[in-house]
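Notes to accompany the following structure.
First chain written, first letter: the chains are A, B and C, and each begins at residue 1.
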């Protein structure tokens, strides 16, 4: 009872329409970013790349990129480490409080991010920490580290515990098992988790909004400009931010492809 | 022996992230809870508790924004279920290779800041935007007033939370065994009967997780109503923000946040207790 | 013997891309018959059943049920049904709800459904308390019976079985084989059964079709297939047999290749042309061979050395190698065990009447 040909085609067309709709707004932003006019209006009369030139020359923009990058890199590193151990506790080891722990991990993901950002704002205030980009790292971690944990956990579920038991039987210590068996086997999951962490941090604004203090990330600046007054730089920086993400994805896939190629030899 | 080891290692492995969440998630939440019972406009929890904030919520009509948040989230969830089902079914049972393409395409959108994507919709739908602008220049007139209304906010929610419904649903449908569907057909069931008797009950965990995620996230969302809705309605998260920032009234903001947290938290906890996480995340048995 | 034909396949062909799974097969199944299709994996037997129940579309040919073509009828509208290899019981439904499923689909009232389900539990010799039991709580054999009850509730014209016993342990399988045969007699329905085990087929079937690479090799009763396999493939498929390459002699005898086998003036009529150039395969079952003590004789005598022996439950198997290197398998019941040891020179004998000649090869 395979799906009939017409069902198959209808679903396929539907899928393509959905993908188109998902990317339609980005297409609009893309067009807007190369419009010459200061006040955007479609249809676009003249195209120009001058906003890109202006953006790349602006020290504010460099600063925004720097802040976003710093936060994303630290969030990625911490998420990978914390997520690796978290995933083992989530999926691999059978321990008493596992069900409770699983719910604790899911809770921040299910949590409204704006509220989380504000809660962190008053928390930092109360314990006397002045918000800077460093506090934003903490805010991002609250949401992203659990996601990294889940991504690695999916891999850990498919992992045969007998491998660790065999290693122990062969005389490996707990630490040696972790290093020689568990870590290499979960590595693909850890790398995807790192990719997720970087990209989610790079694009996040509800958490950054209240926790960066005087510093500002790229999405945060974009949001501020969108809500109050338009700047012709908004589409340009939007596209630059998206390109940043896609470059990271491309690099990740190229690396993976190269590693696979080497293993295949 | 192995079991005891598992127990100790589980605890140790859980420690780093638990510590992180205790300090930067649970503690702030506790603080919000404490602030919510403080008198109006104080900036410290060392005051005599009263429940004035909750009184203000009722007397100042904040339940209206709560109503909008919850009803728009509900509408978005129902629409998402209908819109995502055929695609999720295709991904789980029909597509093969195209599933991967679709998955990558959908996941990639998650990595673009949601405000950029919503802003893109503004550029697409606004007067003088992609659709209206081009239609006007080719046809003489285009649709006006597509932005700044409640349906467009719901559309924004559906758009932003699309992946959060699609993937759990696809996972749920992939858990429906093919042979059960074939057997039902063989025993005379029509396509609709297979859907109702086999697909729907067996994919229930995926449906539940997807609906929970979409509803909970949409109920706490703010950017959609601000960017697409132009604040035609005020949502709860908006009120929370205003109370904390312009209003400089932390106790009121905290109380509003608590209302949202408790409502949404109850839905999430009750819902999650009904699904076996290990199974849905792909534990091999 | 002249029962009406219930199911007829005419030139049924199935291709998956470039691969041809079925090469235009013909088949007629009689009303009330227990018909089994046997073949190794990849022989096309599962493809046939998927075509018959409507889970796949055929590439060419016709399938008709009582003279009406059904090959274009959707699966849910065909009056036949199948017991799946995995059983495909609905995990979210109780035993009773599983059995009632086809009735529910037809809109039968709940009270009548339950009544019928209870009847079927009785028929399958399952306790009535099973009605409310969860599928996960049933044992392998109980699940088997529930799946059968569900299929019978559908009241199919033909009941198909796709290797439903293959996952069970040996003893349970043996019990259920007999139950299935018994159920066939009690219900009088036409059963079409697919399996890779000829042994299983022989216990239950009225007729057996042996499949190989998308074609039928032989369609006959169990006795016929056992005694007179039409090809080397069928002979070997049945298990341990001795096959010797032989060819005819000018005086109507047979000579073995690589083996001292000379038969002159073969008395028995094999129904084959025993001309001097004809080549055959001679089949002798291991239990038809005897260890000959000095002085005793047989139609055909072979000399060799005992190389191994294995205990197979009630029987003992011996391997003998002749001087020219041909391997021979002999089986004896335990009470007739051969006294010799490994390395002993032995004399084996068998009679012409216990052999079968396969033409061609």
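We adopt the following convention: contacts are C-beta pairs under 8 Å (C-beta built on N, C-alpha and C of every residue); 3 or more make two chains touch, one makes a residue touch a chain.
From a predicted model like this one, the values you see are computed outputs, not experimental measurements.
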item: Separation of chain C from chain B in steps, with touching chains one step apart; value: 1
item: Chain at maximum distance from chain B, centres defined as averaged CA atoms; value: C
item: Averaged-CA centre spacing for the pair chain C and chain B, given as whole angstrom; value: 57
item: Geometric centre distance via CA averages, chain B-chain A, whole Å; value: 17
item: Chain centre separation in whole Å, for chain C relative to chain A (CA means); value: 58
item: Multi-partner residues of chain A (each touching 2 or more other chains); value: 1
item: Where chain C touches two or more other chains at once, by residue number; value: 54-55, 75
item: Residues of chain B engaged with two or more neighbouring chains; value: 182, 185
item: Residue numbers on chain C that touch chain B, as the complex places them; value: 53-55, 74-77, 81-82, 84, 86, 88-92, 101-102, 104-106, 150-151, 154
item: Chain A-facing residues of chain B, complex; value: 2-3, 5-18, 20-21, 24-25, 27-29, 31-32, 35, 43-45, 86-87, 89-90, 93-95, 98, 102, 105-106, 108-124, 128-130, 132-134, 137, 159, 162, 181-182, 185, 212-213, 216-217, 219-223, 226-227, 237, 240-241, 244, 250, 253-254, 257, 260-261, 264-265, 268-269, 272, 277-278, 281-284
item: Touching residues on chain B, where the partner in the complex is chain C; value: 177, 179-180, 182-190, 193, 197-198, 201-202
item: Chain B-touching residues of chain A, taken from the complex the two chains share; value: 1, 3, 7-8, 11-12, 14-15, 18-19, 21-29, 31-32, 40-43, 81-83, 85-86, 88-91, 93-98, 101-108, 110-116, 118-123, 125-126, 138-139, 141-142, 145-146, 149-150, 153-154, 157-158, 165, 174, 199-200, 202-206, 210, 218-219, 222-223, 226-227, 234-235, 238, 241-242, 245-246, 249
